[in-house]
Every structure is written in C-alpha cells, then in structure tokens.
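Take a look at the structure set out below.
Labels A, B and C are assigned to the chains in the order they are written; within every chain, residues are numbered from 1.
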C-alpha cells in the first residue's frame, strides 16, 4: 500500500489520513469494537453504513468532504476490510451494502477435552 | 419506518428484561406490531415473563444462527399473554434454554452478521413497527453491533456506584456509535432516595436526559417475572413510568 | 490443599459477589486463609468490595493470563478489612479497564493457564479456601471454574427467570460430576417463611440449600460499597451467612 511506508500523512491531507487510519487501525477485518476507535468523519461513515445497512458513494463523499473519485478510494479500502459489499452494478452513484459478517470467537480445543466430552451428549 | 431499539444495561440485575417485556406489551396494547429478540444467549430469561418454557419453543434464535430455520420460524406469538382485546401483536424470538445448545454456541461461535440480517428480515416479514433487542449485559461485539444498528438505545441502570461507572462507559460508546436516540432509565431506586435528586445526579453525570426514574417496587419483586407487570397492575406508579418511556419511544 | 468454592448465579444481580465477600470475612475471622479470584472478567467487582483503589492495583488476572506478569504480582493482601489476628484474605482482581476487558472478549483466555493459576495461588499462599467469583449465565469461564470446583455455590433470587436457569446450571453440575452443589436463595421478598423456602427449593432442585436470606433494605443500599457482615455484625442476615460459612 502506498501510504503505509511513509508513516502518518500530513494533517491537511484528508484523503491520506482516512486511508492511513483504515490501513492501520484494525489489522484485518473491521469489527464493531474497531469502529469505536476511528476518528470522526470516518467513524460517521461506518456508523451510518451499519445503522441503515447501506451507503452510497455520494453519501460517503459528502460525509468525508472529498470529491467522488477520492471517496471511491476510501470505499474500496473499506470493501477490502470486509465492511462493505461491492454492488453488482456500479452506475453513477453505486450503493454499497454493509456486511457485518463477524464471527464470535470459537471455543474449540480451548476447554480441556474431558469437559467438552461431558457436554457433548447434552 | 420501523424502529429497532436496543435495551442495555452495563451490569445485571437492573430489571432489563422485565422492562423490555413491559414496554413491548404497552406498545402492542397501543395497537403496534412489536417483536422482542432475546440476544442474551448465555443466560436467556425474558421468555419466562411470557410464561414460556423449553417445551413451548418450536425454534429458538440458536436454530436460526445455525441455519436450521428461518428467523420468522423462531418468532412466537405471545399476544395472548396481554389479555383480551389487544389491537396490536407481540412476537418473541427466544434464545435456547438447553444447556447443551448454549454450550454449543460457545464452542462453535456464530456469525454475528446473521443477527443483524435476521433483525432486518424479521422487521420485513412480520411487518413490525418496533423491534426490541434485549441485549446481553456488559459489552461484547454482539452488544456493540445491536447498538450500532439501533435507532434508539434504552440504557437501564440502578443508582449504585458500580452502575454509575459502568453506565458512563456505555454512554460514551453509544455516542461514538452515533446512536440517534439515547433514553436513560433509572430503575429499582430505593425508597429512601428522592426521585428528583436521583434524576438530577444522573443527568449531570452523563450529560443526557433521564426519561424515567422508577422507584423500587415490592409488587414487581413479588411478581418475580411470573407475569407482565403492566397487565397485572395497570394503574401502578411503575406502570405510569413505563408509559412515559413508551411515549418517548413513539415520539 | 485448598478447597475450591465456585460462586455462580444464572442471572446477574443476585448479590453473588456480596455473599462471597461476607463469607470470606467470616472464615478469615475464624483464622482461615482465603484466596479469592475474580474470574468475572466481563464485569469484575470484587476489588470494589475489598476497597482496592485503582491506584493500588498494579497487575491483574488478565496480565497473568497474557504472560505480562507473574501470578505473585497479581495477588493483593486485603486481610486488613477482616481485622483478624491469624486469618488472611488474598485477592486476585480482574481489570476493570474497558480496553482490557474487550481484549479478553476478543482473544479469549488461555484456560489451561487459568487453571494453573488456582493451584499456584494455593502454593504461594498456603490457602484453606479458594473462592472463585464467576460470571453469570453459561460462559467459557463458568464451564471451567465449575469443573475444578469442590463446591459449587449457586446464588439465586426467587424469580421465575432464575428458576429455569438454576435447574439448568445444576444439571450441568451433575454432568460435570461436581462433588457438591449448594443453592443460596437471596433477596427473598414478600415475607415468605424462610424455612419453608429452604425446604421447597431443596425439593424442587433436589439439592442442598445453603441458606435463605430475606430481602433487606440495608443489604440493597449497601450494594457494592461495603461488606455486609462488617457493617451489620448483629443483623439476622449475618447469622444466616455464618451458618452458610460453617457448611463450607
């Protein structure tokens, strides 16, 4: 990624800051608890997407105060982080569905076998 | 548009499930179509207030999460528990109370995303006006997710020092998640406390409006979750407080 | 070897931690050495009852579980509160820092390490009893803390929601072949005859009943601020708690 090498971008580079945050905050997927850590306009985008279930390019562009082509790059990165789903047809103002496919932690093999065995026949 | 409302308390024993059940009942009595989902998978309980036990559950939320059934199939019509002449309808989606099934959810985990899809699906298929989510106390990813998709969050606390600490965390998180409406409810206020003082203190502590300060109610304790309070005691001061909250939800 | 007593309640808000704290003080005053582990990682509270301030707490249980500290560094001597010549109370608290709690929830705990903590605690402090304060409901840590228990203490209220839950817990205890389970009924409203409640609970659940504690405004108001038997040494509830302690 082009932003990760050079460290945090300058303050006035809005796009750069959004991209940097998205690349660095959660290591892989964005979980609900990760959303809390984002700074404001970016968090508002994730919150709105979660609450309404979808978000459009123009909405992201407005919330982040970025021209559409830059907002698109932010969206692409959020898609990569598995929080938004790419629509089947793009069009002028594509709408992205929110994907909150987070699994809870599995317990397999963490509890001693003899405990699990006793639970198995329940 | 229908409203998804999460009911949360940071610690347990605040009367969260009883409040949820009673608010839902009042909404249904007002003619709305209402659903309740018990997402407290580790210690389900709200079904008891509607007189259900294991044998009454055709399907549970757990079955849906395992792909065994449609979420709609886990919805149980409990309108009959509200007495005669109820215009609205009330559905409960219970969590399983089989120890083995709870243990299995723990062992295998589940797709939290399915929960949110399920909520939205329910609202559509049952044509709900309101969906109330009874959350697991404390904070985990599921609770955060429920908050994140809700149009309103009801936070219930008792006026004791541990609750003040914990509730501050919840309030902070709700603000970060941009929850559009936050309704603070203080429950089980001991008789010795002045209700208005409590309201003022809580409002000051969290810098948000307190919708209702509910006094400790001996009737509620004696009822012990065996019935719906608002049905049994329609004129009790506690029922009046529930009404105030319901009016706020409808506003 | 210390006797491990696991305190559990199906629903929250039953007064489980308050009862645990009172019982530990009673035993310490009888000269016993009691160790308490706050395994209620999601919403720890034992440290508040024993008046450990944030500034006094360095390492906590989760530090040990992540290999950030030795178990020794997570043990706090809180005996002062019991004011006993020979008895001792040691507490291993859990962190109430939200970020740390979230980390545990996300990454889970190493249960083998947690079990090893119990026996090590005993080795380090030569304990008579280890009290485990577990979280409510059926969770990962309760399955484990139940499995290692010599006695399971289930605290419940006379509430329909508790009834169903407790019977499920006791069923689980049977499957895990626990040597002994005991139910304590707390916060009994409506002026029921306590003896009658004890009898009925015993019949309903086919289990030993530790005691029946009536509702008390003092208990409710004290909430998490103080330990009941210290504040109200002459109260009838203190007498009931002493009887329960004798059964352990």
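Please note the rule applied: a residue touches a chain if its C-beta (ideal position, glycine included) is under 8 Å from a C-beta of that chain, and two chains touch if they have at least 3 such contacts.
Here the structure is a predicted model, which means the values were calculated and not measured.
Chain centroids computed from C-alpha atoms place B closest to the centre of all protein C-alpha atoms shown. Of all chains, the one whose CA centroid is most distant from that of chain C is A. Rounded to a whole number, the gap between the C-alpha centres of chain A and chain B is 28 angstrom.
Centre-to-centre separation of chain A and chain C, using mean CA positions: 40 Å.
Residue positions of chain A with contacts to 2 or more other chains are 31, 33, 105, 107, 111, 119, 122. In chain B, the positions touching at least two other chains are 98-99, 103, 106, 141. Counting partner chains per residue, chain C shows two or more touched chains at residues 102, 105-106, 140, 143. On chain B, the positions that touch chain C within their shared complex are 10-14, 17, 40, 42-43, 45-46, 48-49, 53-54, 97-99, 102-103, 106, 136-141, 158, 160-162, 165-166, 169, 190-192, 216, 218, 221-222, 224-226. Note for the complex: chain B touches chain A at residues 98-101, 103, 105-114, 116, 120, 141-142, 144-145, 148-151, 173, 176-178, 180. Note for the complex: chain A touches chain B at residues 31-33, 35-36, 43-44, 47-48, 50-51, 53, 99-108, 111, 116, 119, 121-122. Listing the residues of chain C that touch chain B in their complex gives 10-14, 42-43, 45, 48, 96, 98, 101-102, 105-106, 136-140, 143, 157-161, 163-165, 168-169, 171-172, 187, 189-190, 215, 217, 220-221, 223-225.
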